[in-house]
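The structure is given below, and queries will be raised subsequently.
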Amino acid sequence: MPPSRQLMPPNPNFGAATKQFLMAMPISQHFGFDVTDVGPGRFEITQPFRQELSYREGVFQAGPIGTLADMAAACASATMLPEGWIASTADYTVKLLEPAIGERLVIRGRIVRFGRTLSVAAADVFAVNGSDEVLCATALVTVRNLAPALPAGEQVELPVAHGGRRALSSS
Amino acid sequence: MPPSRQLMPPNPNFGAATKQFLMAMPISQHFGFDVTDVGPGRFEITQPFRQELSYREGVFQAGPIGTLADMAAACASATMLPEGWIASTADYTVKLLEPAIGERLVIRGRIVRFGRTLSVAAADVFAVNGSDEVLCATALVTVRNLAPALPAGEQVELPVAHGGRRALSSS
Amino acid sequence: MPPSRQLMPPNPNFGAATKQFLMAMPISQHFGFDVTDVGPGRFEITQPFRQELSYREGVFQAGPIGTLADMAAACASATMLPEGWIASTADYTVKLLEPAIGERLVIRGRIVRFGRTLSVAAADVFAVNGSDEVLCATALVTVRNLAPALPAGEQVELPVAHGGRRALSSS
Amino acid sequence: MPPSRQLMPPNPNFGAATKQFLMAMPISQHFGFDVTDVGPGRFEITQPFRQELSYREGVFQAGPIGTLADMAAACASATMLPEGWIASTADYTVKLLEPAIGERLVIRGRIVRFGRTLSVAAADVFAVNGSDEVLCATALVTVRNLAPALPAGEQVELPVAHGGRRALSSS
């Protein structure tokens, strides 16, 4: 799935801003994950095994897998937002591929298409044991791009110059 | 969405069995929800607001919403399984419709089609404040029907008599 | 799945307008279906069996099933649009439940949540033989609400008065 | 999305067999596409613009886009089946990213995870004009692996040696 090329985040502090956006959520504090990579249009989370996230001993449950996939994908998309904008999930589809048995999960999100009001992103979830990585889930996520100053649910065009619905390739 | 008519669970203790299946998961203990209704092909969960499940104060985050929708739908399907069988999620798609602001969520799962190896179920998620219910998310879930005695991932035909892929309508 | 109550289409000619929107597409002429019911937030299509839409003799292929489900759901949502606005599919998820063997398909779309920029709708697909109806597929669809005068892909707020992201229940 | 490594199709004639499976469907004859690449776990279709598949002049409609994505993904998965087995779609999710304006569509399917009873595959859809390719849709597809000799809807284990639900990496 070829990501949009030449992604140039309009916010020079996109990495710190996106990480801050995610880490400010109470649920993130509870999960106890780390952000292990951020780049233009990509975002990686590493989640240690925790019993509270499990189906049974040693196995992550489907819900936290989807939660983390949504977060990594939405944050991958959020890296391309102007300062102060946020990404709000409209929907996510998660395919569970293997039992998620591992010391930790590594979740890699990436933009598929960045738009003005809506963006689409994807995430792959790997169960990791030592140096062994198994792809245990994959997800597609649609996010709304929301300006922060507006009342909840209001929506505005992104104030950036780009061609129609084409992927934002320059600021 | 018309559920299969005349659903007759093959396990006379389907209610207790399905509830036990869900409540035995460590994640369920952590969420702290109640099972507030169970019937043939349906399953309802009530989740009080908890900060650990929130996006910001008072608002449930998308991940727990999907987690609960998956659980209610998978358990609705599990009510139709023979004793000892379990439902294992293959995928779920969640559409977030409104900000999930509420004292609690009520999640209503129902079978859409019960099959031998695969079933499809749905769930609606309501944000509740006093007597006000707002539909804040809807989900479709595909589950595998797994026999418990087999090694993880093995799959067997349901040992029940019914017509091909038609919904199980009698035991 | 409770549809929004009290749906009051802002366009008094919503039925004719939505039907015209669908029937003007070249693909609709090719499929050769009929619109057999339209109401506020709902839209029904009846599709006779045609070999060009089949997987093998007598069985509709998955693609046309999804095509019709998307159309019925998007048109159900379009019934709530102001005059001249159109619904444009952002995504659809189709669950295939039974082999679609029938003289015809009846596809029933309904709004799940009507919003300003995005709406969610659903569709159930029935394979019909004589008086026998079998639910053979179900779908969830997200649509964008687009003003017609704008260049392709541009998006504007619906010029209607309603409370935030709540479903439009009055004009 | 890393495909399973070392895919070794158990059927040495997987390319011809998968192409034959697709081309034998009446709908394929109607669409008039070509299979332009086949390999272990991948399958590419090229579809010329046809008015019958359009939303308006020059623009492919969402339904045929989903149809082709489903076909390419299901066939990518089918390349890994033993002789005589077929892939039957259980569900598909399609995200529409850009208006599908082009002389033709190129649809690239690939296996994400090959399983015994269920497999997951993906497809990207490109609108092509001259040498310009625009990613206009992406899809995830779940397929059932069915033995051909069984009555419709019956399901059997794949008679291949591999480790549990792990991706088939050797025959």
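Going by the order they are written in, the chains are A, B, C and D; count residues from 1 in each one.
The definition used in the following text is that contacts are C-beta pairs under 8 Å (C-beta built on N, C-alpha and C of every residue); 3 or more make two chains touch, one makes a residue touch a chain.
Please read these numbers as outputs of a predicted model, since none were measured by experiment.
Novice: Please state whether B-C or A-C has more C-beta contact pairs across its interface.
Specialist: By number of C-beta pairs in contact, B-C is the larger.
Novice: CA centre of subunit B versus CA centre of subunit C: separation in Å?
Specialist: 27
Novice: Take the average of all CA coordinates in subunit A, do the same for subunit C, and state the distance between these two points in whole angstrom.
Specialist: Using C-alpha averages as centres, the distance is 30 Å.
Novice: At least two other chains touched by the same residue of subunit A: list those residues.
Specialist: Expected reply: 90-91, 93, 95, 99, 142, 152-153, 165.
Novice: Once you draw an edge for every pair of touching chains, what topology comes out, line, ring, star, complete or other?
Specialist: complete
Novice: Hey, which residues of subunit A end up touching subunit D in the complex?
Specialist: Touch list, subunit A to subunit D: 1-2, 93, 95, 97-99, 112-113, 115, 120, 122, 124, 134-135, 138, 140, 142, 165-166.
Novice: Quick check on the complex: what are the subunit C residues that touch subunit D?
Specialist: It comes out as residues 24-27, 29-30, 51-57, 61-64, 66-68, 70-71, 89-96, 99, 152-153.
Novice: State the interface residues of subunit A toward subunit C in the complex, per the touch definition above.
Specialist: The touching residues are 90-91, 93, 116-118, 142, 144, 151-155, 157, 164-165.
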